[in-house]
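Note that chain A is present in both complexes that follow, paired respectively with chain B and with chain C.
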Partner chain A sequence: MAINQLSLLVLVPLIIAVLNLFLPVILRKILAALGLVWLLILNYQLFINPVAEIVIQGVAVLAVDKLALVILTFIQILAVIILVFSLKGVSPKIQKPYYVLYPLTLAFCNGAVLSVQALSLLIFWGLSGIALYLFNLLGDEKTTPETAKKTFIIVGGSDVFLILGLVLIWFLMPHNGGALWNLKIGLSGELAYTAFFSLLIAAFAKGGGFPLHSWVPDYSKDAPVEAVAFLPASLDKLLGIYLFVRIVWSLFALNFGIHLFLMTIGALTIIFAVMMAMIQHNGRKLLGFHAVSQVGYMILGIGSGSIIALIGGLFHLINNTIYKSNLFLALGSVEKKTGTNELEELGGLGGKMPLTFGFALVGALAISGIPPFNGFFSKWMIYQGILDLAKGVAPGYQVWLLVCLILAVFGSALTLASFMKFIHAIFLGRRPAKWDNISRAPLNQWLATGILAALCVIFGLWAIHLPITKLILPVIGEFGFSVPQMLGYYNPILVVLLFGTTLILGLIIYWGVRKVRLDAIYLGGMDALEHFRVLGTEFYKEIRDMKPLKAIYNGAEKKYFDIYDISGRCSFAITRLFRAIHNGQLHLYNLWIVLGMLILLWVVL
Partner chain B sequence: MIGMILFHLLVFPGMLFTAIAGLLVGWLDRKVSAWFQFRVGPPLLQNFNDFFKLLGKETIIVKDAVKSVFVLAPLAAFAVLTLIATIIGMALFYNLGFAGDMFVVMYLTMTFSVMVILGGSATGNVYSSIGAGREMKLLLADELAFILVFLVPIVKSGYQVQFDQILSYQQNAGAIIGSPSGIIAFIIGLLCIQAKMTLAPFHIPEAETEIVEGPFMEYSGPLLAFWKLDHYMMYVIFPFLLVVLFLGGFNLMGLGFLWSLLKYLAIVVVMIIIKNTNPRIRIDTTLNFFWKYASPLAFIAVILAVLGV
Partner chain C sequence: MILPFIIIIPLLAAFLITLISGEKDNWAIVLSILAVLSLLILALFSFFTTGDETFIYEMSGWKIPLTICLVQDALSSFMLVIVNLIALTSLMFSISYIRQYSSPWMYYALFMLLITGMNGVIATGDIFNLFVFMEIALFAAYALVAFGSKAEEYEAAFKYAVMGSISSTLILLGVGILYASTSTLTMANIAAELQTVNSQVTYWVAAIFLAGFGLKSAIMPFHAWLPDAHSSAPAPISSMLSGVLIKALGVYAIIRIFYNIFGAPAVFLTLFMVLGSISIIVASYLALGQWDLKRLLAYSSISQIGFILLGLGIGTKLAILGAVFHILNHAIFKSLLFYNAGAVELALGTRDLRKMGNLKGAMPVTTGTSMIATLSVAGLPPFNGFFSKLIIIIAAVQANHIVYAIIAVIGSLLTLAYFIKAQRYGFHGETEITEFRQTISLGMKSAMIILAVLCIVTSLLIIPGIRELTLDPVVTVIMNKTGYIQAVLGR
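Our next item is the complex of A and B:
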């Protein structure tokens, strides 16, 4: 009997994970690499030959449609690229569990995307959350256990909402037998709304949407960098937003008010997270807050209800996984050479690690939305979609939509600011003498970051021809929509050709007249001592100290806006209350019993 | 086809036209500034002499600098400005959408600041790094208001985002500056471009007396020539942008040409007057000014535009 390809996408990494429990490290690496390449080939074959769904006892459990195929494709691509980075550089202490968890996570994520039945989705979704937790435990920071607990509580806790949402859907559609997706449930009545918001919580917690985002920056700092690039930057984003697309576009039929609500959440996610990213002193935390901020663009685009913005949102999901993993891995290369990810300790490494610098710069420009990189194209489509929506609504709603647009565009400028600080603090500015003997990153590391940087360029230049036409438009077609006319006009290839022509002309002029002399830094005759150095971390001190931002930043640093901490404080307050009333005095216990009985009687009678 | 594109890019309205016009308007800036200070000012072609003289000078590069970035930054900035000039010029002179729309131009203007920051930071000089940080903060300060200013013509024209369509709308409905929302947005826009060009009172990143030209401190010879040229090119690009967005574009036939020239020169002269009558303000004051006063005002303009006013 031929094995269904879909089951192979789950079984192959699962078997690799089991075998890797017993193999020596070198064989674990080889097996994982071979297995992942095979998965990539299997995934490619899904584009060519449609595969039948997997049915167990008359119920379809695993199946692949166009949307699932896009998500699966990028899961396999990123898994291979991040594995290339991991081949040399993963801390020897964690290599053994790392190469078990890596394929295991892949199996669970593939399973979750392929699931078309509530129970299998729940199982794979939950297991992928456990893998996320276990990966976090491989970190060696002092705060790692606390972060792992936080991650587990937020992501694992959101699984309760996933269960609730799916059970309610079963109540709403009892004849459906737990089958998911193309249900188009109308949002009317408490049950439908509860189901919608429950599933939304699950998607936001996994993807890192506001206000359930707070595990992402902490995880980014405390887990191994490869795990961060693999999960919160890539696979978890893909899973969370995948569920979000399903909720918004195929599971429910939303009304305009809900679209407006989602767009507002998206815009707020962008701006809150990027404002936090700007003031970070730790490179990984900075990137972690950006991992959240970029989710805002996806929520804004996908949640808007506009087809153009949906395309932009899906494209942004793909783009984000590419440049975000690129940035984490580039920082990882620096971290492995210097032993630190604190921005204040770094600086001037651009000359020592030119390839890593170049690739990180491409990622930084792409995430900031600088043309012609991929990030600009997806943002540009989201903006078009919002304007297209605004055309047809009442003035009040127009202003609301425009505010979302303004926050998104300004969020881009803030992202740029944050990444100029990142690039300056690590690669530019004055290099401390202790880094004078730093060597380049190993081949496997810059190969991984290089491929990701190349994808940022390719997906930017040929956005329409490659990712949009080949991957995203079939999804839109399957949803039953046609693509409307765009408002704007942008030809990235022409932009690059025009820019390149003038740049080359400038270079020819410079080359023709140049008379170069190398000299020391000029400080008006003073010696350029090392402590005359701008760290970059204080770039935005004036913004940090501005009224009323100062109070907000102070509150954020005390974790007043962190849902995990707020919940923790509330639980402790309740516990304290209970502790106070249970003081060991018998007559007080008798009083509680009598009071309890009276309340019960009042309720019953 | 390729020949025409190259002509537009390299000759008119792109590189050569913008560079020559920019150097000439730069002379006007220096001359008017000199009159403000009771000086005679330079001769007409002084900026050309300066540019070509700098091309012949030595290029000094800091030994420990990231040299590729240091060299490429002013040239890439020059290429970005030429690109913006071509896109805006094609709309202004030919009424054609070319290469990109308003969002593309909005992001390309940010790219110029990126080049200033990268070029300045590449040297490791403390003053350059301070200047680079200030350049970024200045961009943040004016960008919010700049986005809002862009939105007014977009909303007024019925959500058009291509320059030629904005011009077509104004040809039918009259210049956008003729409306209350248009006037407010135009004034804020003028202040934004003053900041984008780092002209007084917003010359905070360069602050000669304080941080010795900031990001440009280590630049010399041909690379400095390109930075100077970039600066003068902006004297053409940004006023042209305001002309397209708010003043209904150019009419190049007969007396219309004179009127068009006057519209452009009026913007430039106002910028020069602001430059010469204001001292440099601190970066936190700039942030407060743009975020707490200019941006809310520009937002009111957007609301008025939505209401059709």
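Our next item is the complex of A and C:
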């Protein structure tokens, strides 16, 4: 096996993880930081000089194409940024295992993306799931053990479907020898459909697509915040959607019905998850549901079959990892200062943590799809793709596509509403007195969130020139498609100028004609007590209590719609049935033996 | 010739232990470990020198079919390595663990008899002799299950003895019919003679054997003795029973009889697949509902035997490879899991998962090794269980048995679910456990660490160069079917 950039992308973090088993914490940090920066450089070199594949015993095992390179790039970028955040602030109790698991996870994720052979994909994919579980166990919430169990059953369990899917593909394409990707298998026959849906389960479980999403909000709440930003918000999203892109665009040749099915799943993911996000009282859970909701846009765009929407979906994947990790880390900074992530307990921290506030605001606006931030551009492309697609289908399907589009746009509006609550609950409103002595987040933390916020702006303003032209269009070209004509016109610089002008005019009016009296807050003629402050959590109480949403929300909170709990209930019902016939009575067991033998005799004669 | 020593050494050790042991168990420990260590060395030597050859030992200078013969081929050598490897770690684990019971020296004597029985079953080429050795192993197993002398242990041993006797009666009946039909007890001769016997008789005997040996392997619906027996026995014995006894007395005997004597008739391969699938699914659901850690492991053994049987039923070279590999892997990770359960029971005084808690700080070796064993049994890469299950699934798809492949996938998912449940409650629960009844000795820790390392190292057996030297000769013996006749009789 040759040692080149490809193998180094796996070996270097693996070696760091092994060395970190024996080093003191400070050296673990230094080694991880140096190693990850080196990986970033290696990754950059791959852009300039693409290297040959890694061949073991005549079989290509690792290779990199344009899509893998994009995913790899953002894995390395996010790994470095989140490591910067982690350098100061990770709980001392978990620092030692954290700095072993971190590079280890990176090695597995790099390996999974580079894999072009079924067995190596299975191994790296499975290992990344184990890393996710082990990271979860580092959390110290009361519900952490249960969440870790749930996460691993969903994500680890989906690995067996990946096995089945890949084995079936190998069966369908026996001359391919387990090599993956550009196969374009036609969806006809049970085997092809079984393979397709098995792989889809693996991709959705990892990426957090409906209905296998339910581990994401729980994980977001119960794992260390750095691990949440690192895995479900970033690396797992990249891996899950990477596999999804492969399934839809290179492994199978899908028919329109499947595209429609995927778009429906995408639209439902958007709307269900955002509706759940709106009513959350826990900051991390709120972000967790949004992480799921954003996956809906990716599924909608990538699964639609439209090239414009595919570009939008890939761009949204990148954007989502940036602003979602930004938001988790910003909340993490607040949490590390206050010791809580419950929105009811927070408030008014904008003045105390202005940089964190500013960066979180950028992230919130980006995820809500407000121009000129990156989230707007990717959503806008997805919408355009669907409209483009609708032009060429029958009227009945047009209505269907329109419904999906409306749900996506509506979901975006609800995302904005939800983040108004998030921002208000943490940074605005009246600050509880107990937070009066809160200080700013340390340099490493705001540096990390700041870089991510800057990327939200840069990728919004120069969306076409930077990420789309440099990263995504080459992927589209490699898939064999030409770059389509955009439907609408959008100039982010012009939008910024218009926004800026409006803002300046507003400030001129404010400063020029303001005539306000600043006073203490009164209620009934007396100083308002602290518990009368307006909590962000109160924002959408009416929606929560509205018929028929109330019944749906109640059901959701009781986990009636969670596939994990539904499966659990069904499984235990079956278990009870089997246990009823295992009553410990010897004569019954002897009867089974006799009956069993008689049946055997009957079968063979 | 190694094989006679494989039987003589543990038998002699058993007698010596009863003769020289006083109240203390020191000599019993030394003798047992020396005996099993020498057995393991002999087994390894046998395994690495046998290759594709078959060696015969004819007792007392008489010739086949007048004598009892011992057969050393890749399959028997492979099984001997597994039995004696697990026996050695089990003894290491037993040294301090078994001192909680009275008269521990008796334990070692019984342990040696158990090994004598298993080694005998594996080594013999005579079907009645196989029955005799099986009974030796079973009597020792009944006594060992009841070794704790509590009511539930006696009940479990009694149930085990009753159901074991039924199966032994069935096997004896089968042996009798075979002897009546072929006038020989040498397995190779029986295989040769059966080719001239009415196939109806063969099928009858095979069905009776499947019920009899199916009970020894705990295949559903002949499994009901196992959860009580394996959960009630002392932990190192549970590991011997689940890890190797059901394989030596059950699965190995099934392979030898159905492949090498009966020539793997298609109807029985289908039955293997059906019964294997039922075992995988039903036992997994039963394990899912357990709160007793050892009982959960016991049901898991039934399910994992189902995977092995499924592989044997598919019957292709690849499927047999998967089954053989899973026999080894299951012996390793299931024994380890029983050691983990034993260590936790010793430290906390309970097997109830709901009464356990967070042990990772206080029992790092037990927690860490249990995680490795869990990932192995759940079939996650890069642990050994992943590869054997993957091979079985590939083989099922390759043989166009897609439904069985899906059953194996669902079984794997359920396995993951109940083992993660065990991890969540047993080792990573909410309650921080700080007080222990007893500490875990170095011997117990060493046994756990050795098997945990093997959970990873044995994955390497799948690398083509290594596989050709280790697993492939075993597969060849099985796939050679009645080629066994020629190998043993030379004709």
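By definition in this document, the second predicted complex is superposed on the first by the 556 of 605 C-alpha atoms of A that agree within 3 Å, B and C clash if a C-alpha of one lies under 4 Å from a C-alpha of the other, contacts with A are read in each partner's own complex, and residues count from 1 in each chain.
Criterion: contacts are C-beta pairs under 8 Å (C-beta built on N, C-alpha and C of every residue); 3 or more make two chains touch, one makes a residue touch a chain.
Everything numeric here is computed off the predicted structure, so don't read it as measured data.
In the superposition on chain A, A:G369 contacts chain B only, with no contact to chain C.
Using the contact criterion defined above for the overlaid structures, shared-chain residue A:I593 touches chain C, although it does not reach chain B.
In the overlay built on the shared chain, the residue A:L122 is in contact with chain C alone; chain B does not reach it. In the superposition on chain A, A:P211 makes contact with neither chain B nor chain C. When the two complexes are overlaid on their common chain A, residue A:P442 makes contact with neither chain B nor chain C. Set side by side, chain B and chain C differ in how many residues of chain A they touch, and the one touching more is B. Of the two partner chains placed around the shared chain by superposition, chain C is the only one that A:R579 touches, whereas chain B remains out of contact. When the shared chain is aligned, chain B comes close enough to touch A:D519, but chain C does not.
Of the two partner chains, neither chain B nor chain C is touched by A:P474. Of all residues in chain A, those touching chain B in their complex are 348, 350-351, 354, 357, 365, 368-371, 376, 380, 383-384, 387-388, 390-391, 395, 398-399, 402, 405-406, 409-410, 412-414, 416-417, 420-421, 423-424, 427-431, 487-491, 494-495, 498-503, 505-507, 509-510, 513-524, 528, 532-534, 536, 538-540, 542-543, 545-546. Chain contact summary for the complex, chain A toward chain C: residues 57, 122-123, 126-127, 129-130, 137, 142, 145-146, 148-149, 152-153, 156-157, 159-161, 163-164, 167-168, 170-171, 190-191, 194, 571-572, 574-576, 578-579, 582, 584, 586, 588-590, 592-593, 595-597, 600-601, 603-605. Considering their complex, residues 5-6, 9-10, 14-15, 55-69, 71-72, 75-76, 78-80, 82-83, 86, 97, 99-104, 106-108, 110-111, 114, 117-118, 121-127, 129-130, 132-133, 136-137, 139-140, 143-144, 147-148, 151, 154-155, 158-162, 212, 217-218, 221-223, 226, 283-284, 287-288, 291, 299, 302-303, 306-307 of chain B touch chain A. Residues 159, 162-163, 166-167, 170, 200, 203-204, 206-208, 210-211, 214-215, 221-222, 224-225, 227-228, 267-268, 271, 282, 285-286, 288-289, 358, 360, 375, 378-382, 386, 390, 393-394, 397-398, 402, 405-406, 409, 412-414, 416-417, 420-421, 423-425, 428-430, 464 of chain C are the ones that touch chain A when the two sit in their complex.
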